[in-house]
Amino acid sequence: MTTVNPPAIPPNGTEQETRALLTELLRNFYGRNWVSGTGGGICGPADGGGLLLAPTGVHKERVGVDDFFVVDPADGSVMRRPPNAALRPSECNAIFCLAARERGARSVVHSHALSSVLAGDLARDADHVAIRDLEMLKGIRGVGNRDVHLLPVIRNTPRESELVEQIQRVLGDPRFASAFAIVVADHGAYIWGDDVLEAKRHAEVYHFLFEATVARHDRKEKETR
Amino acid sequence: MTTVNPPAIPPNGTEQETRALLTELLRNFYGRNWVSGTGGGICGPADGGGLLLAPTGVHKERVGVDDFFVVDPADGSVMRRPPNAALRPSECNAIFCLAARERGARSVVHSHALSSVLAGDLARDADHVAIRDLEMLKGIRGVGNRDVHLLPVIRNTPRESELVEQIQRVLGDPRFASAFAIVVADHGAYIWGDDVLEAKRHAEVYHFLFEATVARHDRKEKETR
Amino acid sequence: MTTVNPPAIPPNGTEQETRALLTELLRNFYGRNWVSGTGGGICGPADGGGLLLAPTGVHKERVGVDDFFVVDPADGSVMRRPPNAALRPSECNAIFCLAARERGARSVVHSHALSSVLAGDLARDADHVAIRDLEMLKGIRGVGNRDVHLLPVIRNTPRESELVEQIQRVLGDPRFASAFAIVVADHGAYIWGDDVLEAKRHAEVYHFLFEATVARHDRKEKETR
Amino acid sequence: MTTVNPPAIPPNGTEQETRALLTELLRNFYGRNWVSGTGGGICGPADGGGLLLAPTGVHKERVGVDDFFVVDPADGSVMRRPPNAALRPSECNAIFCLAARERGARSVVHSHALSSVLAGDLARDADHVAIRDLEMLKGIRGVGNRDVHLLPVIRNTPRESELVEQIQRVLGDPRFASAFAIVVADHGAYIWGDDVLEAKRHAEVYHFLFEATVARHDRKEKETR
C-alpha cells in the first residue's frame, strides 16, 4: 500500500547488507508464520568465509543486524560473537554447516511452517514426498515443470543436532540429488540456496509446493473415495 | 518488507517499555484475528508488583501506552487508573490475577482466535485436548517434542468472571501441571508466561499447536472413515 | 511490528476525524479481502445529520478523506459532493439510508468477504442462518453467548438498489430484531452500528461468526455422515 | 492501521506514475502470494505506445521504478532497457504483447496464486471452468451477476513462450469473448484490463471468484456424495 520505493534488487552485497537482508527476511517469514514462537532460523554468508547465524531462543522478528554469530562451516565453531553476551548460537548450527559443506549452500532457511508439517505427513511410512504437475517447480534451480521432484522426509528427534546423521544420509542419496530442501516430519523444513536471495526464492517456492500438494491430496482423498 | 532495523530484543525493561510492548503485541494479535471485535486482551508486569491490564470494550489495536490499569494480583483491585476516565478494566481481570497467583504468571494473553475455538471443539465430552507429535511443543517451557501435552478445556459461562471456579480447579489438576494455557470451549484461550516475551512465545506456539491439531484431526476424519 | 504509538481511542470526533477513520477502515478491510476489486463500502456520520458515503467503482483502499459524498438519509439525495467531479456515490446509498432510517444506524459496512458468501450458502432454502455457541456473540450489542442469533439471508438481485424491498421486509421481521447485519446470498453482508466504531466492532464480530459457523458446519458434515 | 492519507485515486497518469503504481502492485501481490518465488509479473502502458515490462527472475516485491523494460506490443522487441544491465525481460513478454494486440489490453497481471491452480484443476478434461452465482462477477467489465462466466483453461507447457499458440486460439473462441483472464492448468492465470487499475480490479475479482468457486466445489463434493 505504501508508495515508498522498495529496496533495490540487492547484489551479493557487503556483510552489513547481508545482515540487514537477513533481519528483513526474518520479519517477512515471521509474518508468514514460518518462524513463530522463536522457532526456525536463517543463515547467510559472512566476510571471510563464515556463516552469519541467528541466535537461538529469541523472537526471530526482533533479531537485529548486530545479533548474528559468525560460525565456521567446517565445524560450526564460533568465529565471531554478537555484542549481546546473553545470546547463544542457533541449534540449527550443525545442520546449516552440513548443508554448506555438502551442497555449497551459503544460505539456509529453517521453517516451522504448518504447510511443511502437513506435507511431511503425506510421506506416511515412505521416506519422501513426491511433487509434480506444478509450474512453480521451475523456481527450483535445475528443475522443470514436468519433473517429478522427490523431497526427503526424515524422522524428528528430541534435539535438532541429532538430525545430522539422517540429513547426511539423504544428502548422499541420488534420488534426492535435485532437492534443495529436506522435510523433517512433525517439525518443518530446511531449505537452502547459493546465496540469500536464492534461499529466499527456494523457501517461497517450496512452501507453495507444500501448500499445493497438501490441498490437492486432501481434495483427491475426498473425490476418489 | 521495510528495511528499518527492528526494535532490539527487549530485556525485562521499564514499565514504560512494557506498556509499549503490550500495545505492539495487541496490534500484532489484532492482525492475526486473535483480538478482533474488541475481544481478547493482555496483561504484563507493572512497577511495584502490579499488573498492567488493558481496558475492556475497546478496539485492542487502538490501545495506547497510557490506557492501561494497574491492578493488584492479590485481589484484582485497581491500584492505578488511566487518565482516560471513560475506560473500565478488562473482564479478564479476575482470571489474569488468578494465573498470577497460582502460576506466578507475570503476563497473560487472552485470545479469541478461531483456531482456539476449533481446538476446543475436539474435546467434545472430554475435559481436555491432547497435543502430540509436533516439534513446536518444545516452544513451551519444560515440554519436549515426544510428550503428549494435555490442555484443559473448560465450559463457557455467560460472564468471563464466572470462569474463575473452573479455572481454579484445572490449575490444581496434576494432569495439567505442564500446561501454560487453558482453552474455554466456544470462546478462546488463556495463555501465560513468566514475562511478556514468554507469554508471546507461548501464545504463538499454542496457536500453532491448535492449527496443526485441528488440521490433522480433520484430515484423519476423512481418511479413516 | 512497528513501535509507533497507535492512534488514540477515538471519541465521536469531528467530521474530519470521521473521514480519516473511514479511509483507515477501508484500507483495513481491503487487507482482509472484504472490499477487494472495488466492491463493498462504508458510511459514517457527517456534520449536519448527513451520511459520509464512499464513491462507487473505485479501489476502496485508495479512497481519500476528500472523496466522500454527504447524503441525506431521508431520501439518499446528495447534500455535498467531493471535489473530484468524476466520482459518483456508492450503489449502497439506498440501503445505507434505509438502515439509518429503520435502525438509527449512523455507520454501515458493506462487505464482499468470502466468509459472508459461504455463510449465506448455509441458509439453502431457508431465509436465515442461525449462529450459536460462540462467545463472540457478546460482541453484538444486546446479544448473549447463550442466545441463538438469527441473521436474515436475502436473495441477490441484478442491481444493489433492488435489494431495498427485501431489506425493508427483514428489518421489520421480529425474528431478526436483534440482528445488526443482513446477509445477501452470493453477494456479501450489510453490517451496521450506532457509530463508526460500533459498526467496525460488529463487522469484525460477524465475520468471525461467519468463519466459525462455516468451519463447524463443514466439519460436522464430515463427521455425521 | 496507519493514519497517513492513501495515495489519491490515480488518473491515467504519467509513465513515472505508472512505474510507481506497478511496483506498488507487485509488493501488494507479493503479500497475497500471487507472485512469490520470483514468479508472476505485470505490465502497463509506457509513453509512446510501448509496454512497461517487469524483469524476469527477480523477487517481484523488490522491483524498483527503474527496473522495467519497454517493449513494442507489435512483436515484443525491446524499445528501452533499464539501467541495470543484468536484467532480462520477463518470459511473459510474448503473452502480454498478444493480449495487447488481440484485446487491446494495456495492462496484464500474471499470477501464480494457489487459488488459480486449484480453479484450473476443476476443469479436469474440459477446456474451461464455469463461474456463476456470485455478485463479484459484476467486477468484470460487461459481466452481470446472473451470467455464467466461462474461463478458458489451457494446458501448461515447459516454457512460458510456448503457451502462445493455445492462448491465441482461446482468445478467438466466441465462448470466451467476455473473459478478461486465461487460466493455465498447474501454473496460474493471465488477467488483463484496459489500464493498470482495471487490470488490478480484474485480478482481485478473478482471484475472489477462484477462491469462492473452489470452496463451493469442495463443499458440494462432500455434501452430495
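By written order: A, B, C and D. Residues from 1 in each chain.
Everything that follows uses one rule, which is that a contact is a pair of C-beta atoms (placed from the backbone, for glycine too) under 8 Å apart; a residue touches a chain by one contact, two chains touch by 3 or more.
Note that the structure is a prediction, hence the values are computed from the model and not measured.
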From the centre of chain C, which chain's CA centre is farthest? A
So chain A and chain D: same face meeting same face, with over half the numbers shared, or different? different
Rounded to the nearest Å, the gap between Cα centres of chain B and chain D is 42
State, to the nearest whole Å, the distance from the C-alpha centre of chain A to the C-alpha centre of chain B. 29
Counting only residues that touch at least 2 other chains, which ones in chain A make the list? 1, 6-7, 27, 61, 222
In the complex, go through chain A and note every residue touching chain D. 1-3, 5-10, 133-136, 139, 144-146, 197, 200-202, 204-205, 207-208, 211-212, 215-216, 219, 222-223
Touching chain D in the complex: which residues of chain C? 6-7, 20, 23-24, 27-28, 33, 36-39, 58-59, 61-65, 67, 84, 112, 114, 117-118, 121, 156, 158, 184, 186-188, 218, 221-222, 225
